[in-house]
Structure formats: C-alpha cells, structure tokens
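In this document, chain identifiers A, B, C, D, E and F correspond to the written order of the chains, with residue numbering beginning at 1 in each.
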Amino acid sequence: MTGYLFILIGAVLVNNVVFGRILGLCPFMGVSKKLETAVGMGAATTFVLTVATGASFLIDRYLLVPNGLEYLRTLSFIIVIAGLVQLTEMVIQKTSPLLHQVLGIYLPLITTNCAVLGVPLLNIAFRHDLIESLLFGFGSAIGFSLALVFFGSLRERLEGADVPLPFRGSAIAMITAGLMSIAFMGFAGLDKY
Amino acid sequence: MFAALLVMAGIAVVLGALLGFASIRFKVKGDPLVDKIDATLPQTQCGQCGFPGCKAYAQAIAKGEAEINQCPPGGEEGIRKLADLLGKEFKPLSAEHGVEKPKQVAIIDENACIGCTLCTQACPVDAIVGAAKQMHTIVAPLCTGCELCVSPCPVDCITMVPVPEAVETWKWKYPVVAIRVQETA
Amino acid sequence: MNYREIAYNGVWKQNTSLVQLLGLCPLLAVSTSFVNGVSLAIATIFVMALSSGVVAGVRSFIPHEIRIPVFILIIAALVTIVDLAMNAWLHELYLVLGIFIPLIVVNCIVLARVEAFAAKNTPLVAAWDGAMMGVGMVVAIAVLGGLREFIGTGMLFSGIEMVIPGSHALQLLPEDYPGFLVAILPPGAFLVLGFLIAGRNWLDARAEQRARLSAPAQATA
Amino acid sequence: MNEDSAARASLRNAAILTAFAVLFTALMAATYRATKPAIDASAEAEKMKLVNEVLPDGLYDNAPLADWIDVPPREELGLAAQDAPVRLLRARKAGVPAALVFEAVAPDGYGGRIRLILAVGADGRVLGVRAVSHKETPGLGDYIDPKKDRNKAAPWIRQFDAKGFGDVAAADWKVAKDGGRFDARAGATISARAVTNAVRRALQFAVDRRDTLYALPAQSALGKEGQ
Amino acid sequence: MLAALFKFKGGVKPASHKDESTQTPIAAVPLPAQLIVPLRQSAGGTPQPLVRAGQKVLKGERIGAPEGNFSSAIHAPTSGTVLAVAPRMLPHPSALSAPCVVIAPDGKERWIERTPVDYLAESPDALRDLLRDAGVVGLGGATFPSHIKLKPGASGRIATLILNGAECEPWITCDDLLMRERAEGIVRGIGILRHIVAAERVLIGIEDNKPQAIAAMRVAAAQAAGIEVVAVPTRYPAGGEKQLIRVLTGIEIPYGRLGTEFGVQCFNVGTAYSVHRAVELGEPLVSRIVTLTGNVERPGNWEVPIGTPIDELLSLAVPRADTDRYIMGGPMMGFTLPRTDLPVTKAANCILAASPALFPPQGPELPCIRCGACTRVCPVELQPHELYWFSRAKNFGKAQEYNIFDCIECGCCAYVCPSDIRLVDYYRFAKTSMRALEREKAAADAARQRYEFRNFRNEREQKEKAERLAAKTAAARQALAGGGPPAAPEHAAALPQLDAAKKALIAAAVERARAQREGVQPKNTDDLAPEKQAEIREIEARRAKVREIAKTPPEEPV
Amino acid sequence: MNGTSPHLHQPISVRIIMLKVLAALVPGIAVYVWFFGAAILVQIALASAAALAGEAAILKLRDKPIGLHLGDGSALVTAWLIALTFPPIAPWWLVVTATLFAIVVAKHLYGGLGQNPFNPAMVAFCVSIIAFPALMSQWPAAGHTDFAAQMAVVFKSQSAQDAVTMATPLDALRTQLHTPEARATVAGVLGSHASFGNIGGKGWEWIALAYLLGGLWLLRERVITWHVPAAFLGVLALIAGGFSLASPDRYAGPAFHVVTGGAMLGAFFILTDPVSGATTPRGKLIFAAGVALLTWIIRTFGAYPDGMAFGVLLMNLSVPLIDMGTQPPVFGHKGKEGSDERR
C-alpha cells in the first residue's frame, strides 16, 4: 500500500515529469499561456497518458517480451499512442468543438508530447506491474497537469508585468519554469522509504 | 523476424481500421471557428487584409491560410484578441497591410458631388444615400471608415475625417507611468 | 525557398529550440554537458533528414487520416535503427543518453517539420530542411550544454572520450572552482535556456534596429 | 455517411498502414540482426568493465561472468526480504579461488540506497569497491563515486583497497566520527558512514561464508541459510 | 433614536477642513456679464435647444427641452438676450466642448410666471413630469434626473426615503450651510418626495461633524412625522449613496441595481430643496449653492445662477497668489478645471483653489507592492490592486471579472496607496475604454448585418440582371460577358479576381456612364437660394475642367 | 498628470514601509550578534552592497530612474533577509552571488519591485542550498564569537573547523531520525549534543524571541496583518503537536519547530512579503498554512533540513490560483438579494 503511495508521490511531486524528468515540455511551454487552455490540455493528457501507460505495459508484457521483440518497443508504443490520440481528437472534435478549438494544434501534439512515450518507456524500465503502471502513468499525468496549471496561472499574471523586452514571452516563461523547478526540488527525498 | 512482422502488422491492421472508421463516424461539418473569428474582426469591410471583407478573412484565418496580423482597422487590440482566441503568439500589425489609424468617417463635399453613384456601389455597408445623379450624403453613424468610396469618386469629393470626440464618448487617456521610461533594448 | 534560405530559416529564424520551442525535452534534459547534447542532436539531425526525405517521397500514397501513424512509423523505425546502432557501437554514450534516444521519435520538431514542410516538398528539399532544423538544434544545444557544463563544473567537453577515444575534457576554471551545481540540475536548464532565448531576441532586435537606422541613411545618400 | 463507405475506408487504411508497418518492421528486424552481436558484446564488455574496476586484471584467468551463483537477499548485503537475489561472481586463477565479486547495498545513504559492487580477495582483503548507483547529493555526498571525487589522486573510496579485518579490526571498521579508522569528508559523514558500514557487513559475509561461496557449483543458488 | 447603525467596510478619514467656509452665511452672486448654460447637464439625452441667437428670454424660461423621458429640461438662469447657441468648453476633465446657450443678462431678473402647485392634489405622475420640466436633477454630484429616481421599482413601493446630508468630502460645505439656513425648505421638499413615492419612513443622514446642521434639521423635521435625522460617523465616503443606505438601513445595493428595487431611494438634501422650489414656488432649477474654498482669502458659500463663469465667481473669494489650479468638486473626487472661464453647472458643488502647499504634488508612481492597503479601505470591498494590475495591462476582460464597474471612483484606494499610483485614473481609463469597445462592438455588429444584407441584395440583383441581359444581348456579346453585367463587385480587393473580359466590360460601362453623365445637369439644385446657384455654376465649371484632365477612365470602375 | 482625483494623499510611502521592516529586524540582529558574533553584520553589509549594486546596474541598463527605485529600500530588505537566512560563516562570494541572483533573476527579470512572483530572498536560499549544500549547512556553534576566526572562514575560504561549526538540530534530527536505519529518538538526538538548548538550539530561542518582538511591532504598525504569522505558526505547531503526541520519539514537538530554523523569521518577515504572497485575507491564511504544512513535511521527510524556503516558493507559485479562488465578495454581491441583513 505504501509502495503505491510512494509511486504516486514520486510521480506527481518528487520526480515531476516536467521539472524532474524534463518530459512534455513542448506542450508545457505552448499551451500554458492561458489558465483555461492549460486545464483542458492537462485533462486531455491525463487521459491519454494513463491509458497509454497501461496499454503499453500490456503490449510489452504479453506481445513483445514473450517473443523477444524488445527492440520494437519504441515503434509499437508510439503507434498505439498515436492512434489513441487521433481517436481522442476525433471524438473531442465531434463532441466539443469548443474544446477542440481551444486545444487547437496541441491535441495532435499530445502524440509528440514526449511524456506520452517517455513515461511508458520509464515504466517498463522500472519493472512495474499493471496496477503500478497505471498509477505511475496517472501520477505522472497529474504531475504534468499540476505543473501546467500552476504555470498557466503564473503566466497569466505575468502578462501585466513590466518584463525587460528581450525577456518578454518565452524567455521569462523559461525563467519562471526554472524557478518553479527549484521550488519542486524541495520535494526531494519524500519518496524514498 | 516473422514474429516481429506479425505483431506489427496486427497492430497496424487494428489501428488503421479503427482510425478509418472513426474518421467517418466522427466527421465534423461546418466550422464554428469562422464565426468566432468574424466576431472579433472590426467589420470595417475594407479589404486591407487582402480578402474581400472580414468574413473572407475570418475563413482564411480558420483555414490557416492567413496570418492574424493583417487587419489594420482591428489594430493591436484586434490582433491580441485573435491571438487569444487561436492560442497563437501575438505579433505586430504587418506593415504591408497598412497602419492603424484612428477611426474615421467619410464626408462628401456636397457641392462637388455629381451624383454618379459610384461611391454608393462601393460602400460595403450602404452608408451612402442618394439616387443616381442626385447629390449623395454619408450617414455618419453607419459609416465604418473603410475608405472604399474615396478612390472611385471621379471628382475626388470624398474625404476621410477622424471621428470627433464627444463628452459622452470621451475616453480617459492611459495614465502616464513615470517608471515606464522608454525601453531601449 | 532556396537552400540558403532554408538553412537560415532552420538555424536562426525558425530555430526550433529558441523560437518555435519544440523538441525541448532532449534539449533541456541532455544538455548537462556539451558532448551529451551535441551527440544526441547529431543523431536527431540524422533522423530528421532521413525521415523528411522519406516522407516527402511517399506522401502521395497516404490517406489523410492515417498520415500521422505512417509518419510516426517511418520516424520510429529510423530512430530504432539509430538506437540499435548506438547501443552497438557507442555503448557508453548510449547509456548516458538513456531514454532520450527513443524519444527522438516524439521530438516534436521531427513531426512538426514533417507535417509542415516535408509533406509539401520534394524529397531532397525536405531532407535539407530536416537537416537544417537539426543543425539549429545542434547550435542551441551546443551553446546550452557548453554553458551549463562550464558554469556547473568549470569544465568543457567532459565525456568526449566516449565519442573520440583518447581525447580529454578541458578544465577551464581552477580546480577549486566550487561548481554552481544548479546549472547542471533541471532548474539550470530552464534558466540558461531562458537567457539564451532572451539573447537571441536581443540580437534580433538589435539587428532590426540597425537595419532601421541604416535604411534612412541609405535613402538620403 | 453510411456504414459501407466507413467499412471500405477502414479496410483501405488498414491495408496501407499494414504495408508500411511490414516494410519498416522488416527494416528494423534486419538492423536488429545486424547489430545484435555488437550489442551483446558491448553489454558483456560493460559488465566486465565494472568487474575490472574492482578486480585487478592479472588476478584471474577464468570467465567470472559465467562462474556465478545467486545469493538470496540477506541483511548482510543490505537487502530486504522482497529484494531480488544478488549475482555473485567468482574469479579463479588456474582453478584456485582468487576473488568474489558481488553487489551490496548501503540502505542508509543520505539520499536512500547506495548500490556498491565490491571484490573480496581469497585472503579476506577488499580488492576494490565502487558505487554502482546512488542518490547522494551532487557536490556533497557524491564523492563516494570516484568519478565525482575531487581528489582524483586518491579517491575516498580507494581507502578500503587491500584492507581486511586483519588490518582494521571489525570493531574499528567505521568512520572516524564514530570512533573508527576511516575518515570521511567534512560535512558529509552520512554517505561515508553508510558506505563504510555496508562494506564492513559485506566483507564479514564474504569472509564468513568464503568456502561455501567458492564451493557451490556454477550457476546454482546459495540456500536460505547460507548453505 | 434608531437602533445601532450599520457599518460599511473601508473608508478613510482625511482632515475635514469644513470650518473655513462655514463662517459666513450663503451669499448672493452679482449677475455676471454673460451666462453660459450647457444644454446637457444631466445623465440621459442632450436637450434640444428651444431658443435662437438674438431671442429674449425670461428668468426660468425653458431653453432646452428634455430629449425623451430620460432627460431633464434646461432653463434660463436670468432674463436677457440669447447671444449664441454654440459649442463651448465644458467644465469637464476632457476639456471638450458641447452645445451651450449663451445669455447676456438684462439685469432685471424678470421671472416667467411662477405657478405654485399644491402637491397633495397632484398625482405622482404629474409631479414627476413637473420635476422633469423644472430641470430638477440630483445635486449630490451625479446629476441624475430626479423624476426617474422617483419611479417605484420592482419591489412596488419605496418604503424608505433617505436624505443624503452626509457631505463626506473634505472642504465642501454647501449642503451643510443649506441645511443650517434652509432646513425648512428641505423638509418641505422631503414632504413632496415622500408624497410621490408614498414612503413610510424618511431618514436624513448627516455626518456627525456638522452639529449645527443636525440641530437645524432636527428642529425642522420635528414638524413632520416620520422624519428622522441620523448622525452618522464621519468617514469618507459615508455620503456615497450605497454606503449611506448601508449605514442607515443595512441594505447593500449592488452595482447595476437601483435602490428602488430594494425599497429605498436616496436624494441629496439640495435636491430636496430644489424640489420644494420647483413645486411650491414654481421656480425651476436655475441656481445652486456652491462652496468656494481652499487657498482663498474669503472662503464661503454662494448661491450661484447656473452658467455663471467660474472666474467671475472666484473673484468673490479672492484666491491667494500661490494658487496653481482649481478643482471642481472635492479633493477626493473632483477634477482639475482645464480653464476658469467655464460655467458653473448643476453638478458644481464646490470650487476648490489648490496650492502646492495645500495639496502637495504626488511623487512619481512606483510599482504596486500588493500591500493591500487599498483593499482595506475600499468601501465596495473590491481588490483595487488587481483592478490596477489588469487595467494597466489593458486586460479588460479580467478587470471586469474583478468587478471594476462596481468601483465608485471614490479615491480611497489612491489616497492610501504608498506607491502613489493614480489608481482611479486607471479605472477610469479601463471603464471608458470598455464602454468604447462595447460601442464599437455594437457598431461592428450593425455593420456586419448591413454588409451581409448588401451582399445578399447584390447577389439577387446580379442574378436578375444577368437573366435579363442574357435574354436580350447578342450571342457574341453574351459569350464575352460570361458572368453578367458590371454589377458592383464587392470592392477593390475583390477586383483582381475578375477576369480580363469582365474588366473590359466594366470599363465600357463606365465610359457609357460617363458619356451619359456629361449630358445631364444635376437636378437637385433647382430650389436653392440665388447665391447657392451661383456657387453651383462655379462648381460646374470646375468639374468641366476636372473632366478634361481626367480623360482616362478611373482605374477602378466601382 | 497631476490633477486627477483624489488630490489628497496619505503621507506614506514604500520607502517608509521598507524602513519599518528593516527596523523591526534590528532586535533580532542584535541578539544574533550577541550569540554568534559580528560575522552576521559583515554578511549583511556584503548582501546589501551586492543588492544595491545589482539593482543599480539593472536600472541603468533599462534606463530607469536609479535614485527613485534604489531609494524604495526593497532591495535592502531582500539583502538583509538573505544574510539572515544564510549561515553567518558562509564564504563571502556565496552571499554576494546569491544576492545578485535574487535581485537580477528573481526580481528584475520580472520588471522589478512588485512584479516578481517568487520571493527573491527565498530563491537565493534555495538556489544556494541546492548548489552548495555543504557551505549552506556550516552553522557556527553558539558562543564561538571569535570575529577573526569567523572572518577567516568567510574571506579566506578556510574550511570551517569542526569545533567552530556543528550540525544544527534540524540537520541532526533529519539525519539521525529519518533515515531508514535510524533507531534514535528525538530526545536522544536533541539531548545528545551538549550545546543544544532545551528547545531549538542554544541562542536560537532568543533570536526567535527577538524576531517575534520585531514582528509584533510590524503588526502594530499595520505593515503586516495577523493572518500570515498566525496561520503559519498555528498550523506548524498543530501538525508538529499532533505527530509528536502520537509518536514523541520520532517527531519533534511544536515548540521545537516554531523556534528552530527560519520559522520565526519567516512567519513575520518572509511569508509576509506582500509582493509574492497572497493578498486576500482567506488567501493569506491558505498561503501560510500551506507553507507550514510543506515546511513540516520537508523538515521531517525531505532531503533538506529546513523546508521553509521551499515551502515559500511552492506556495508562491500557487498564489495566482489562491488569489483567484479567494476573491472576497464585493459590496452588494454577497447575499441572494444583495443585502445580508435587513431590518
């Protein structure tokens, strides 16, 4: 039980996907200009990432490893993820044009959110079982969403700040991400027992 | 080798079929985005953006065929709104499409007007009244200031004048901030 | 677009790392040292050029709705090849770069480029574009990695022996330089990249200002 | 849109995707075959490199990587019951036991577990110790890794080399702060203490079970009770 | 005495400086040489002028008719001759001009016929009309037409009438003196107001720093039942309508809602007094009490005819030499007059002479440190620093989310701000910008509709014409035409899309039109004055010349 | 534009506020000097000089009025707080670099005073403890006030003698109590060390008391409000109390947590930073409670001995959301009918 808790804490806080593992940065920078879109993107990613981690675990455990095909991991994982994303995209486009329009070009970019491939690959490397995999995927996704939402709200506030010209826009956003990452280092060690 | 091919082919078959099916099942019709973009455009209908009217420009933006910084009447504010709406980065007004001017209205020099109706035909919002060969006048509140009537006039009797301020419509100036000394960078 | 323009575009104007902000993860994660960063970036160039070329070659057979899976398939295959090759012949580096080799697949640049450019151009042009985008990344990652390594440890080119056996890292600062560790940790990556982006903005703005100043001068002359 | 065209589109897409998948999988499979020998060799070399770090070269003439036994998790090795067994390699020169190479864990590092690999000579002396992985604070506790140790001439972790309980009594096999014989870098005693204690326990294990460990047939496992 | 008073949150206590101008009674003002009466002196539509230059008017004669019901009439403040009906600069922070009636007094002060009305015999509706026609508007500052405030709202009846004698702004004493000297008139006015809305209860709120006014009002109020004079704690802005209502009744009226919806309504005491004058004396609102104070030798209160130029008024109070500017209104909400030759309006309760010593100039603005001082004093419980942050960044949507329109511009926040930020200016900027944006949006929507309609009509006409033409023209020509006759293409930008054939056709059409045009005289010049006719002939000559020059047809045939 | 309302202004300024904060720190500094020697004064001077120089340089680069902004005193507050949270015998370059980092990166890249989302002093602290954990945990023992010896450590990078420095109680607790193998008890750890006081380390109780006094004065002067100190100290004591009641051997008690490390300084001087903190009353309570919780968690289970600085930064990055979520209702928008109490 505590093992599960530590997996969660580790994935959400200590080794936060964005600040610790440095994954998923493109959407992190790209979709965080507004809080609203950040929340939407977080939700979409959470769904995709959790399912992707579970699915890739199953593929690995029951298709690849028994056949000695570990070298196909990258290929098979990414294909499954791409399909999953495109499916999600089509469903969202149909059911909520507004969400689709807000998430704009970033929905297909979930495919290229390297967290979506990176987390499943790490997950395999950590030898988790199915439940742990799902927890790990979900925790990582929550960590990503958390980072994205906090970052979005900070960037919204920064819009009014008198930032020096060369730093306006993405530069100050990077600096902010850096300071956030310093703050997140405070969680170091919380997942180690 | 054979197992590899089998596994990958299997995955591909399932996915391809699924996607093909979904692409048809979930096909979307119409584009609500165009209307939203159109709603943020100033409706001056001046064509400076390079498209025949705001709606056409909105369609072009939605398709990704036009940049968001092509509408001079909308100005920076307009670009900002579009950037917000579309989640794009703000960029300054593109110089080749014109410059932001204060809002104007057209005035016809009624003495010079020959009643040719060319301006009436040019006006995108029917803001000019007057029948053929009669003197024409512009209904100022309807005029969007698009300037389209200016060049067709054969006797150059139409001029654009800035809309005067009235006490009721007067805007406070942006407070001068002493600390914001001109940036040099 | 001629080849020169594509090169300028890829390396400076639309630099993926500093302007488009794509492909950030490898950029930030692997730039703990010059050697790591540049090695990964070179692998990326290879994948980018090849995949752009291939995609531009086959694009006409691919129905719209499965284009992304097919592109990814192509890229993933190429990446796996790179992965296997590095595992075989640059094993130490392979261990250092870790999951960021397979992650070239997702490296958004690859896909963004493929989508935006390769799908509309001839294979040769597309391959050149892919390569130049990659060079843009090499430049960024080299500067970023170099700076981080220098600030963090006072050295440069550590780990070079993994790539070029027999060569050595440079100790640029005195041995007792305490090492500003934060530069090598994740926060340092963000902070230094922030400064790089600002630096690029500043250079751009200065160039523009110069152009503006010299334009009237020419007009009067 | 009717079901029919949907079905047809699905079929066509599936076919195309499959074609590509087959093509590129074949390509990859070919590459895999081509690189497999080199990869295996690299992996082997990697392991040997680690072994060679703690095990001086001329000491043995067998292939230690093949001469292994599995040791179930034991407290002396810093392992808890749920951990995986440890692989212990045996080096022999002309069939005579030369050294034991195995992993041990220091569970109480500042940042958690420190995994060590160590070689113990047949004479009960430590031949070499290395940290395989650790989470000690960079710049502070990470001197236990000689690559990070600022003192390149005499890295901290080499002070165990060629020491056995004959040289330093088990009771003194501690860091100076705890009244022992091994020093630690100021301001980072925890890491040193963890490593020192782990090495002592592991050495004790190797010395105590020496004969059993050498005697077991290759590729078998040590029994629960150390038989 | 009532039970415990309520409290409003926030507020500040600047030094009140009331004594300076309460030493002398209200004095009359000698008639100036000219009166400038702005036509629009209240919220609502601009009244239409009823007089022309040269016309003689009597005191109290209507010179501006209310434009619709949401407006109020304007009257001549004295008898004399209308010099002009023309735009003049207004006492307004914008320093813009608006139509005014300029009157040269004849010095005789001849009134129109004044007909007192027995209000008890009149219906509320009739009384409301009477007030509108008498130009009675709120004298508390907002100059909202009073008859509108007297309409019962959704709750059916206005049970509580509140009289605002708080006069919370420092320096101003016009209401104070009015209450001291004319308490009876005020109470009579209250009687009328109360009759109109059938209020059960009347509460007169006066800040407790005006004991004499309170005493005078208590004496006067004793004559009528159900009128209570309440001393409220002195704290700016206790006189704000919503704050006073809150203090006296505990009711909070949100922005955008009227007191009537909650069964309360609030009037300034000066308003009540002018209601009394309008109804029981038949005198429309042509003068008001104005405080002249600040950096002057002889501060005091004067009864001033509307339209009196401020500089003439100032000479009565004798400004000191170091006066650097004049403020209309109080130090917390007033604005600096752009010039002093501007007229006194119904809104002008005070002219304050300012000197650097009295009102030290503010230091440069520093950044907001989010210290929260502003939040603590905001009587509307807003987050002024957030409003500032968003207004400064022109993030109007967010500003609105943070209820910027609830801000009453009382200035408390700017008063306490340690960073010397001109907070209220930012709010005014944001509010007026947002209103302008709304107007633009409405205009854009209208333009879109008209544009779409035009396109629709054009299409239809084009189709019809094409059909007609197709039937009529020769086959060859038809082949050339393709798309039909030169119906107006949408506009210039659409032109490049027309093919060459079409262009040729259009050019031909223009040529034809030109030929036709040349033969015809404009017809709309027939019944003009002779001098105009001459002018037109001249123009025609010019046009002939233009045609000579412009032989080549215009590039764009639209 | 001089001439828009209001024309009246209270004679307070940012400079006065900042000077009051500095003044309130003085008692704490005095006691600090008494117990730990004058090195801290040197550190304060170093930090102040670095802060002013860094700020002036940036202002110059940005063409802003230097005098105006330097005069506001906020850079000094940042500098003093940095000096007071760093070990007094940290090398001079550490304090200088950290202060420059705080002023340039954490403050001026965001546009300077009032616009930085993160507390500059705490950014300096966190960056330094991540980069130089060893230097940042060299605390002098109470009573070792030998100025020359301290200066040697500060300026000549002589590594501090074991006799002069010692593990702080927080550090000792962390390392001996909360590592997997730990079998020590709180009482054992704190009691085992001769110079540890009864509660939070010898001398530190008194310094904390002096900070408390200064803080109370700030409260009286209305520079800060009660919300933050009360919520922070209250919640910290509550959590620590709860756990130490349940398991007194493993968890230190409330009194220890409240007086040790940066807790008291933080409660009144750091968490109260108006710029980077929450502004609404409820927001302040949430903010401070959050810092307290994080402080306790990091102190007890984390890798860093004092979690307050990280707690502050972590809550800083939640401030926009907190402020957004705790907007107090506006006049008239409270009840259903726009009035909360009617007669």
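Going forward, a residue touches a chain if its C-beta (ideal position, glycine included) is under 8 Å from a C-beta of that chain, and two chains touch if they have at least 3 such contacts.
All figures in this text were calculated on a predicted structure; none of them were measured in a lab.
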### Task
Trace the shortest sequence of touching chains from chain B to chain E and report its length in steps.
1
### Query
So which chains are sitting against chain C and chain E at once?
A, B, F
### Summary
Set A-D beside E-F; more C-beta pairs touch across E-F
### Query
Greatest Cα-centroid separation from chain C: which chain?
E
## Note on the structure
Greatest centre-to-centre gap (Cα means) from chain A is with chain E
### Query
When the C-alpha atoms of chain A and chain F are each averaged to a single point, how far apart are the two points in Å?
33
### Query
CA centre of chain A versus CA centre of chain C: separation in Å?
21
### Query
In whole angstrom, what separates the CA-based centres of chain B and chain D?
67
## Note on the structure
For the pair chain C and chain F, the C-alpha centroid-to-centroid distance in angstrom is 40
### Task
Among the residues of chain A, pick out those that touch two or more other chains and give their numbers.
71-72, 75, 79, 83, 86, 157, 160, 162, 164-167, 169, 172, 175, 179, 182, 185, 188-189
### Summary
chain F touches at least 2 other chains through residues 1, 62, 65, 68-69, 105, 111-112, 115, 127, 130-132, 180, 303
## Note on the structure
Expected list for chain B, residues touching two or more other chains, is 4, 8, 11-12, 15-16, 18-20, 23, 25, 27, 173, 175, 178-179, 183, 185
#### Entry: Residue ranges of chain D touching chain B (in the complex, touch as defined)
1, 5-7, 9-18, 20-22, 24-26, 28-29, 33
#### Entry: Footprint of chain D on chain B - complex, ascending
1, 4-5, 8-9, 11-21, 23-25, 27
### Summary
In the complex, chain B touches chain C at residues 12, 15-16, 19-20, 23, 185
### Summary
chain E partner, complex, touching residues on chain B are 38, 41-48, 50-54, 77, 111-112, 114-116, 118, 121-122, 124-127, 133-135, 141-142, 144, 146, 148, 151-152, 154-156, 165-167, 169-175, 177-179
## Note on the structure
Residue set of chain A touching chain E in the complex reads 157, 159-160, 162
